[in-house]
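You will see two complexes here that share chain A, one where it goes with chain B and one where it goes with chain C.
Here is the complex of A and B:
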């Protein structure tokens, strides 16, 4: 046994040595360009895909200190894969998708057909399904060439916009896992976060407009620059986008999906309705229950939230408990209004079940769902939804009482 | 050379025999058939498998120093045993290729796309060959390390995907019906068979055979708990529709795992933990095939069989796995049915033969013949005439209460 064992081991080691050198899949790190953000558009004239990739250059050494941190490449092809392979004509490095954080789909492509994009993103072993996905107003390309945020790589800024979207409450943190699951689901329609590019005056950008933190060098400089905003949402029916939800409507959807922790509600101040106050939402519970009866299904949507008063824009001489109660009523009315706005838009105008109501019926009564599944597209727009909201304001943050005005002059003017 | 395995090694070997293929490939196969009920279907399969392993251990315990082929020879004679040895040799050889292709698919589809598939198949078979040349006890002794690796892998998967867990995707439980779940649990039997049948070969190596049935059942329970979290989390995180798209479902799950923003991609670490358990599974399949051929041929020296088998099995692994889609389809039909027949039928047959061991040869032949006929007919029926309406993609369902509704204008 000893001799054949030695022979076998020798053969094994020899083979492993020869098969290890020059690994087929070896790629040196300095030969790789890491894509951090990618955009997909479609040229309506040629019907070709345009893929735009924001690639991190990976700075090293003093001589690269002042150079750009990213390179944006764009190429086209009849399929997305071909467009990416065409990028090799202009890219000096092999492009790697493993660290892609943000996927932006241009509006024209979204309105045409999203299948090619979703298939490419999920068919590829390098891309991760954790990447954020958004539909842009206009072409996606402009969002990737635009400077954004405080990060060196703009796509990382967009990544952080998604991470912090809940505090604003007017955008949805959509990632590829959820979007792909909804795409494959028989009843759920897609609802993807929206990106807009808006002109925004701001002060103090340095002359190179690199986005570096040097705003105090030239404070008198005032430049008009476009800012990328994560705002609203794109509604899909099947594979095609059918329209947008406004920020207020998206807020309603965010409430229904319970994506509003740490967001705010701005309501009229109880005593001076022309002035506003802000309530910060801390804990939310949302329950959407289908009611299946001999008629068609209906839903009850119950929202309960806890919050704190964080800002009052006018003084008030109300007792704190009365103040809180009035604020609670105003907050409940506003939240209910936003939810009903969203429901009205989604049901009446778009007729698209982006909220997953069909799935809830399936969970509640699987047998009945099988009966109405084929007609769900016609049933969903007419399904009644009863909304009830309860807000409890726990405190006025640091204050024990509402802000009172001690000046007599103010009392005369109010 | 040590030729005994301890109770701990035996106990931890069984979860390793189940783990590798069940979490990645089998979950996808069953999801394509039964949808979100994959986890309940697998749970039922494991319960049936626990009964099968208890039965196999009971039969083996009646012949504590003999392996399955040795006591078969006592029960049915030399020539039927040779037929059994040939059948088991081919069975375990194919089982080896299905186990080896779990790793080759993981590596080829997600890591080494340019590396030739034959190279990965050959390298892995070479590794299993090396393990066997050292002795099967060496491979089984690896079980503790494999088990701990599997635990770590589970922990990493749970930690990385817990934030995306949506329990609603699991509901309603058993939506396709209890009967459907039981019938479709047959698709778990390729994994169950890899745990049950090797007991017949490895039981004599166990150093302390007291309460061995309890030991086997306990090991199956641990293996079930280790595995069942995977389909539950895969359904809840990815959705059953997403699972249906992929050949290697577990890789899709762990690719999306993220622990805080500082550990976004660590699937290579997880695959490193995964390999140890799968290696034990493949090595034991290889061993069982080699041993069956040894009994068939009468060759005394193991290496004279292991080395040629290495060449044959690496080629067969390549042929079986080069078309990834055909490999997955073959796992569902007819390999699942064949494994169910062997896994349940063989222990039952041996038990029956044990009970009638004092009867004459004619009775034994008749019993064996009848039994084989029943198994063969069941297999044939299930493979070619099964009710397609039980599939999740079917359009026909049991009668359901009709609801009358009118649409508002």
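Here is the complex of A and C:
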């Protein structure tokens, strides 16, 4: 016997310890329902939270294609956690939050108080701080029962809407960690992306609005359904939502937050009356700096962007350099207009520092901030912001010259 | 019972040998007369199955019976020393030894010598007549390489020594013989270069081999287990090889190769853990490719030990660590599986081990049928029947294949086995259990030594040669020193500036180049 008795006993005991107390926290993956999207509402009458969760049933190649891939559960409770535990009454699987991608907050709840939701979302260790967060027009519940996008799971589609929000430029990719950081900041106010459920009916054909999503089997329904759109933004003041920003104003905010790479600017074409052209924005630089002199602070906001002409609706025989200059000017004017619109709305109407101006002063000059901190709510609406925009059009992709029309008659008509 | 001295009378000797060896059919007693000693009676004793007939008849019998003139030298007449005369003048055989005790006589006889007894002599002559037959030198099937020599060690130790001698023509090369095994009397040969090897290491190897008192050594694995540093460890601490080039490279690094008779497997001491990542092919391949392949092996090492426990860890404990789409897919695949992930994993691992083992023993013609049944029927059907999830099949397939991507089959087998404790630990404690298991393995590895060299060297203790031959395979011109871990007396392998470049002084080359240029110009002008 070369193995000493002590060693043998230690090994045996170790094995017993592991095998008797082991498997703590074990959950097999097929016993779990993955929450992919969650919505929070508040019933104003009963003052109860309504939590709606979109849960994946799991898909695999072997199952038939048409089977439902999600299950939407909804339950009520006086607190959010109670509502979730109430969900266990109807859910056959343990609900797991770690894969949650999208958090939707109903407008009524947002206008009431967002604290409970934010606390629940950040308190729970399973939830990820990278989840997208949005405020929905109307109840959040209807967004989770709505089919959306090309993915099998609607919440995944909403997740992708957030990921590609930059190419449209009229929405903000707000995730939980940013919102939570703003919530904890003493001067920043919350600005959360907006979700809109709208019938995107371009054909005018309204006979068959079943709410069903499209499929290859009946493609004629394609333009005739309710669509979830990521558009606009909800402005908060303190713990409550105070109002919406329009898509144009959201674009202004997106410019100020430098979230517009790959977005487009549609401007009138030089030399024409009604024709438009499109510039795709590529590289953007945004600099917001406080100018602190004695007394009230002011801000200079410099935006510089590079872009390409991607579309012209009319031919032009202008010299390319002049043409570009004209287009640059028009684009600058449009961007400046959107920014000023947004600033105006935020400063004058909502009086809520969602852009973090106060924080910038705090960083630049802490002493000055100390002086004005208490009055910031009154100072913010009247802080002057000097906006300067510079757009540099590099080229017209593939074409070096504006499109020319060789037919004389066409040119005269414009 | 045993007489101390050899009888002077041949018939007494024959009787004695018959008593000791019994009536074995292959022991031959050949009586004849030596013409040179006035037809004095002599006897050859040999074991028919061990010797080469030709040698006996041509080298011994022919000269002794027919060709000799009468022995009448003065010295001989004085002493009547028949044996000395036969050795000096009588026979042609090269390798002879004069024996006096019965114990020696038997040892020599049983290891393929022919004994010559002459009436009236109290000693006998052992003539080496062993047949040198063995199988052909083939490339070892477990260590085949794309490029490299195609010969391998065989069961005949002399052939093996020949293979090494052919490769290293160095006067300091030593073949030190030891006989191990009370019954088998197997010859074990230590091969090393005298002025390169660390004397302390050599002494240690000798001591450990001398300690062995086993009755028989049928394979070098016997020795391996009897001289290891940590006999209880799951890791093999001595590398073996059937490739002579590998053995020679070890000798040139100042290590010791242990050859065992009747075994095509040589042992290399000391051994380092990282040799499971190294194969002779690495050194014959472009070094970029070899480095890349080495990293593939590192990944394969990780996969083969860990991927099945990773699967359990992720699916049973840490589902948040799986990408969402994959998590949903795994969940769906496991929807109808009635077992926990650990049972699933163990089931598949065991199925694979059974398949592997049956594939090894199977007669060749049936092999195909079994692999079809094994791979297709069991894999596919088990998923369909809901016994296991489909991702599990991929996991197990990966871990099994990965373990065979590593070149040192013997050392890998023991590492492969570690997967099972890791699976159990992970199944009980999740990520924590997995890490605890890995930690225990690493700590154990750190404690190991192979003949005085830390098993994990040169990674720990850290040594600059780590950058030469562990994680990258440096080009030959950059490996100017031998690994210092073996304490070799001479560390220089080649001159330090070994990087090749075109010679600047070779005027012939330059002249040829300029000639080429001018002809080119002329042709161009003509066109």
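To be clear about the criterion, the second predicted complex is superposed on the first by the 364 of 414 C-alpha atoms of A that agree within 3 Å, B and C clash if a C-alpha of one lies under 4 Å from a C-alpha of the other, contacts with A are read in each partner's own complex, and residues count from 1 in each chain.
Basically, a residue touches a chain if its C-beta (ideal position, glycine included) is under 8 Å from a C-beta of that chain, and two chains touch if they have at least 3 such contacts.
None of these values were measured; they are calculated from a predicted model.
> With both complexes overlaid on chain A, does A:98 touch chain B (first), chain C (second), both or neither?
Both partners, chain B and chain C.
> Is A:25 in contact with chain B, with chain C, with both, or with neither (first, second, both, neither)?
A:25: touches chain B and chain C.
> May I ask you to decide whether A:56 touches chain B, chain C, both, or neither, giving the answer as first, second, both or neither?
second
> Given the touch rule stated above, what does A:359 touch, chain B (first), chain C (second), both, or neither?
Touch status of A:359: first partner only.
> Thinking of the overlay built on chain A, is A:34 touched by chain B (first), by chain C (second), by both, or by neither?
So A:34 only meets chain C here.
> So, A:227: does it touch chain B (first), chain C (second), both, or neither?
In the superposition, A:227 contacts neither chain B nor chain C.
> Is A:372 contacted by the first partner chain B, the second partner chain C, both or neither?
first
> Of the two partners chain B and chain C, indicate the one touching more residues belonging to chain A.
Between chain B and chain C, the winner on chain A residue contacts is B.
> Chain A residues touched by both chain B and chain C?
Residues common to the chain A contacts of chain C and of chain B are 19, 23-25, 98-99, 128, listed in rising order.
> Within the complex, which stretch of chain A touches chain B?
For this pair, the touching residues of chain A are 1, 4-5, 8-9, 12, 15-16, 19, 23-25, 98-99, 122, 125, 128-130, 163, 177, 180-181, 184-185, 292, 294-296, 359-360, 362-364, 366-368, 370-372, 378-379, 382.
> Can you check the complex and tell me which residues of chain B touch chain A?
Residues in contact with chain A: 109-116, 119, 122-123, 126-127, 129-130, 133, 164, 168-169, 171-172, 175, 237-239, 241-242, 244-245, 252, 255-256, 258, 261, 264-265, 301-303, 307, 397, 400-408.
> Within their complex, state which residues of chain A touch chain C.
Listed in rising order, the residues are 2-3, 18-19, 22-30, 32, 34, 36, 56-60, 63, 96, 98-99, 101, 126, 128, 156.
> What residues of chain C sit close enough to touch chain A in their complex?
Within the complex, chain C touches chain A at residues 231-232, 314-317, 319-320, 322, 324, 327-335, 337, 340-341, 390, 425, 427-430, 433.
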